[in-house]
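Note that chain A is present in both complexes that follow, paired respectively with chain B and with chain C.
== the complex of A and B ==
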C-alpha cells in the first residue's frame, strides 16, 4: 500500500454555503467528512484530489432534530452518535443496528451518516494498492478499460457496501442535497444508480446535508454477513420493516446492500400484505430476494454465497421481527 | 504526487500532545501517524496496515480511540492527542500496562500500544466493562499472536484492580 498522500490542500469551511462554494470554485476537489473511506482510497491511489473540503467544522450538519412532521438527521452526525441516540434506537431500530454494525468503534466516532451513504463502491480489483492494480491491468472503475469481474459487460460491477442505506430505505428516508444553486429534496432511493463506477446521482459539487425520516415507522431491523465479524463491510446486508396485525403481514419492506452496485428496495413485497407469516411466505420471500440480488465476483466470498446469504438473512430477520411483535 | 524537489504546502499545527501544547509546521497531506512518529518521535504509535483495518496506530483524540493512519494531522488543530507514551508516569506503568505485562497480554508487542489505547478509552467511559464490552471496544484491533484471550484477561485484570496504579 502507498504510504503517503500526494500534494494536498485542506480548506475548512464553517457553513454548508461556504463548503459548497469552495467545492464549486475548485473543480476536482472532494468533500471529506470522517475520511475513514476517502483517506484509505487516496492512500491507495484509487481516488485522487489535490484539495479537500473538510466538513467536520460545520456545526449545522451535526444536529438531530424532531418536529411534528419528521426526524431530521444531519449528514455530519457520527455513526457512534447515531448508534447511541436513544430516540433513534427506539424508533428506528434498523438504523441504530446498522450504525452499530459499521466497522470498528474507532471508525464510528469519526465516520458520518453522509459518508456512509455516499461510500464509494468496492471490489477486489479496485480496493488494492497501486502495484497490485498495475500488475493486474487496471480495471474499468480506475484507469482501465475492462471490468475484470465481467469482462464481456459494459459497466463496472463494484458493489455498494454502506450499511445505513438499506435501513433508511425501508424506513422511507428522504435526503436534502445542497449545491451552489440551493437545496433539493429527493427520496433516498433516487440517490443510487446501478453502476459501480457512477453509483451516486449527485451532480459535481452537490453535497448530501441531511436526511428526513417519518415519525411513526413500522418495527424494523438490520442484519449483515461479513468476512471479519468484528469490523467489515457487508458481503450482504438486509434491512426489514415489518408491520403485522395478529399473524398477518400489514406492510413489509425489504432493502439490501453489499450485493449490487446500489442499495435497493426489494420490489414485489406488496402482495404479501394480509397473508399470514408462515413457512410458505418465508420461502417465497427467499425466492424473491434471490431473484433480485445481483452479486458478482467482487468479494473473496463467492457470488452465490452472497445470494443465498442475503435471502437467508431476510428470512431470519422477518421471522425475528414477527416473533418480537407477537411477544 | 508532488513533483520531486517541490516543497509540500505546510501550515502551523497547534495541538495538545500527551498533556503538553506544541506547535509544528506540518504538511497538509501529513497523516497523524506520520506526524506522531516522524515529527514528535512518538514511535510507540505503530504503523500497521496503513488502511484503518488493524488498529496498531490507535491513539486517543479528545479521549476517543481513533486510527491515526486515516486521520490528517491538520484536522487535529486544538485537539488533545494521547499516545501510549502518556500512560506511564515517572517511570511507573499504568494499571493497564501493568496488567498487560503481568497477564501476558503482549507477545510480539506490535499491536500492544493500539490495544492498550483502545482499552484506555473504554475504561474512561466505562470503569467496569463486561467481557463483551471489552471485546467490542477492541474489535478494531488485530493481534496475530495471542488469540486475544490473554488480552481480554489483561483488561479484565486492570478493571479488577482499579486502585492499584
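== the complex of A and C ==
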C-alpha cells in the first residue's frame, strides 16, 4: 500500500564520464532522467535502489546537432523538445509524431528520449503495489518464478510500450552507449531482446547517451491505439517508413511497439519492393503483421484486439504515406 | 410535431461563481491532508491478501513492540458493526474472524512516521484459512456455494419482486414485444481527492474531533459514537474542503472509524491518508449489473408493459445495497407513462469490495437497458426515437404506479430542445458512413422523501444569524463537496432577504456549530436545504420588517423592501438603510438567530409496498440528450463529436453551477459508457490507478451544449429541483444508440471499448461470410 520512497541519495554529475563513474562506484544505483517511469516503479516497490545518478545536469545529453552526415539527438532531450523541433518534424515525421503521442504534456516536459527508449516493460501483474503483488503471488519479472500471463512458459511476457523506438527503428537509428570502458555504437534494433524480464541488451552501468539518424530517410509516420486520447501507453503502436517510385513501393520498413516484449522491425517486407500498393499488398501486410506480433494478456484490453489493431494501423499508415507521396 | 414551448426557457440570469471558488483556484483551500497535522501520528492499515478466509491467528505483538509505534488496533478493539441502513449493518471497521474481500482491513497502526508505520504493518503476523471466493454473481448464486453471511441464503442480500398493473395483459395487447439482455461493468467514482481522515482525541477531556472527506458528517457522527461507545456529545465532526464525492463518501467508511480508534488508543492525533489503490478498494460505487428487459409496445410507440430483472454484483457487505437494488426497479417509473411493470431484483454478495451509491444511484444501468431497447423497438416499428419517447410522456401532476409524486415535468421541452439544437430531423439517417446520432432520456430524484434514518425531525434545518456587524451567517450541516451547495444556500438567503450576496457568509458541516443535516446524497440539498434556507430567511425578514415598522412608526404591511433599503410610500415619506434596520432589530433582543426547516409530507414518501420509500421524492429532474459519434471501423475507436443535453431542473438558482453540473453528469456518463471499468484479477483490483482506471481525458472530451429547462416545480425552492445527477444516465444509451445508427451494430455491454466494437465487427463479418457461403452452397 505504501507509496513512500524511503531514504534516497542523489548524485548529480555534470558530465557523462562522471555519471558513468558514479554508477560504477555504486553497484545497485540507478540512472534517473525524467523519472516518469522509474519513480512510479520505485514507489510500487518493483524497482529498489537507494542511490540515484541524476542525469538532468549533463548539458551534452540535451543537444540536437547535425554534422552533414547525420543528425545526433542527445538521450537527455525531452520528449516535448523533440516533438517541437522543426527539423525533426521535417525530416523524421514518425519520430515527431511518436514524441507528441507519448503520455500527456506534463510527462513530455520532463520525460526524455533515453528514458522512453529504456522504458521498463509493463504488465498488469507487474505494475501493481507491493501489497497487490504479494497478495497475488509474485511474478517471474519480480521476485517470483511464474509468469501469470503464461504460466506454462519459461519467460516473462511483459510488453514494451515506448513510442519512440518503432519510429527510430524504421528510420535506421544507431545509438551510442557509454560505460567506464568508453563509448560503443550499435544499431538501435540490437538494444532490444524478446524477454520481458531482460529486454535491454545493456551491461550493468552502461548508459545510452545519444542516437544518430541518417540525414535523408524516406517519408515516415507513426500511429498508436489506446483507450484514451492521452496518457495511455500504446496497446499497439506502428511506425512505417515508405519510399515509393511511381506507383510502386521502393522500400518499406515497419516497426511495432506495445505488442511484444521488445519493439521490433517487421521481417519480410523486402519482397514488397517493386510492387504497387493495392488491396492485395495491404492484405499480405496485414497477415504479415498479425503473424509476427505476439501480444499476451499483459493489458486489460484483450491480446487479440492488440493484434488486430496493430495490423489495421499498419495498413492505414502505409496507404496514407503512399497517398501523400503520390500527391 | 414539435410542440410549442410551454415553458419560458430563456435563461437570462448568468449565475454567480461558487463562493468558495477563489480559495480553491488560489490553493488556499484546505483539504483534509492540508490540515495542521504537524504533531499527528501516521496511520496505516493491514489489508486482507485473500478474497475469502478465516482468520486463524493475528499477532500484533511485534508491531506493538516496535520503537515509534504508538497504537495498534484490530477487530478485537471494535465489536460493533457500522453501516447506513439500520437493518443492514453487517460490517466491522476491521475484520473479526473472517475476511470477505481482498483489501478488507484487518489491523491498523499509528506511528511517529510513515516508514515506522509501514514497518509495523509488515511485522504483523497473520494466518488465514482460505474459503471459496466468488467474484461473479453467477458463482456466488450457484447451488452449494459457501455463504458469505450465514443468514443470507443463496448469497442474496436482498430479493425484490414488485408488480404494478396487469403486465400479462400489457404484453398480450402489445403489437411488438422484445426482450434483450444488457450488462454494465462496475465503475468507480474516481473522485480526485483520495480518502483521508484526521482524528484528534484529547484524553483529559475525553473528547474526539474527526475531520474527514465525508459527504455525511451526521452519519459519521452516529457511527463514531456507536463503534467507539462514546457519548455523541463528546464527538465533533468537521468536514474540510472535499475534492469530489459522487457517492464515494455517502457511507461511513472503515478508515474513518479506524482512524478514530487509533487516535483514542494513542491519546492523540492521527492522520490516515489512503493511497489511490486503497481509495479504489474502499469502493462503494456502481455495481456490475446484468439486466434482462422486456418491453411491450403498440404500433404507435406506446408502451403497454415492461418487465425487468436486475442482478447486481454487490460485493462483500450490505452498505447501501438494498437501496441500490430497490432504486433500480423504482426508477423504471417516473420518466414515462408505463401502465404495467414487473420488477425482479437480486443483490448478490460476492468476495469483492462492497459497492454502494454512485451518481444516479441505482437508476443508471437500468435506464441504459431501457433506452437502448426503446430505440431498437422504434427501429423495428419504423418510428423515430423522439416519437417513441413522445408517445409515452407523463402529465404532471400525477402519481406513478408505485406511488411516486410527479409534480413538474419538463421532459417534452427537453426533447424539443435537443432535437432542434442537434438538427436531428435534417441530419438523422443522412450522415456520412461511420457517423451516427443517438438520443436518450433520463431522470433523477431531488432527495429521498423518506430519509434512511427516520427520526421524525424535519428533513432539513438551516439557521441564520444576524448580529451588530450586519453580516448574515447561514449555518448549514449540508456538505459542500464541490457541487456548490454552500453557494446555493447563500443565494437562497440573499434572494429571499433581497440583500447583496456578499453580505452572506455560509458556515457548513461542523457539528459543533451547524445544525444536523443528513448529508450530500440523492441530490437532496438544493430541494430540502434550499427550502429550509428560504424559510429561515423569511423569518429573519419578518423580524427586520417589524423592526423597520417600529422605527418608522408604520405598520409592517406598509414596509416595502427594495434591496437593502426598507421604506414606506416608495421612499417618499421615509426610508431606512440596512444598518439602521439591523440596529433597530437588535435593540430588544440582541443577536438574532432564526431557524428554517423543510419537511417532505407523508404523501410524498412513496407507496405502502415493501421498499416503497425508495425512489420517493418531491420532484424529479428530467433530461434528454443527443450524442453524435464517429467510429473508426479499422480500430474500433469511437469518438464523440458533440453532445446536446437539456435538463429540467425546475428553476436554475445558479445557472452557472447548473450548467457545470449538467456537463459533469454527461461527462461522467461518457466515462462509464466508453472507457471506465473495474477489473479484478483473482479478486485483486487490476484497475486501482488512474492509468488503468480510464476516465476520459480532455483530449477526447467533446463539446457539450447545455440547455436549461425550467418547469417551475410547485414545491421546490424558487421552483428548483436537482441538477447534478439527472443527465448522467442518458449518455450511455444515447452513445450506444448512436453507434447503432452509425454502423448498424447493437452493443449490449458497457463500456463500449474499442476491443468490444472490434469483436462485434468481426462477428458480423464472420456471419456475413457464413451467409454468403450458404447462399453459394444452396
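By definition in this document, the second predicted complex is superposed on the first by the 326 of 327 C-alpha atoms of A that agree within 3 Å, B and C clash if a C-alpha of one lies under 4 Å from a C-alpha of the other, contacts with A are read in each partner's own complex, and residues count from 1 in each chain.
Throughout what follows, a residue touches a chain if its C-beta (ideal position, glycine included) is under 8 Å from a C-beta of that chain, and two chains touch if they have at least 3 such contacts.
In this text the structure is predicted, and so the values were computed from the model without any measurement.
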- Touching partner for A:47 - first (chain B), second (chain C), both, neither: neither
- First (chain B), second (chain C), both or neither: which does A:56 touch? first
- Query: Once the shared chain is lined up, is A:227 touching chain B (first), chain C (second), both, or neither of them?
  - Reply: second
- Query: After superposition on the shared chain, which partner residues are touched by A:4: those of chain B (first), chain C (second), both, or neither?
  - Reply: both
- Task: Look at A:89 in the shared chain and tell me whether it touches chain B only, chain C only, both, or neither; answer first, second, both or neither.
- Result: neither
- Message: Contact-wise, after the overlay, does A:109 reach chain B, chain C, both or neither (first, second, both, neither)?
- Response: first
- Task: Figure out whether A:315 sits in contact with chain B (first) or chain C (second), or with both, or with neither.
- Result: second
- Task: Please indicate which partner A:183 is in contact with in the superposed arrangement: first for chain B, second for chain C, both, or neither.
- Result: neither
- Message: Output check: A:201 vs chain B and chain C. Expected answer is one of first, second, both, neither. What do you get?
- Response: neither
- Message: Considering only the contact definition stated at the top, list the common interface residues of chain A for chain B and chain C.
- Response: 1-4, 6, 104, 230-231
- Query: In their shared complex, at which residues does chain A touch chain C?
  - Reply: 1-4, 6, 104, 124-125, 127-129, 131-132, 134-136, 225, 227-232, 300-302, 304-305, 308-309, 312-313, 315-316
- Across the complex, what residues on chain B touch chain A? 1-2, 6, 8-9, 27-29, 31, 34, 47, 49-53, 55, 58, 64-67, 70-72, 74-75, 118, 136-137, 139-141
- Name, in rising order, each residue of chain C that touches chain A in their complex. 44-45, 47-50, 102, 114-115, 118, 121, 275, 277-278, 634-637, 675, 679, 681-682, 684-688, 691-692, 694, 696-700, 753-755, 758-759, 762
- Note on the structure: Residue positions on chain A within touch of chain B in the complex are 1-10, 35-36, 39-40, 43-44, 52, 54, 56, 103-107, 109-110, 230-231
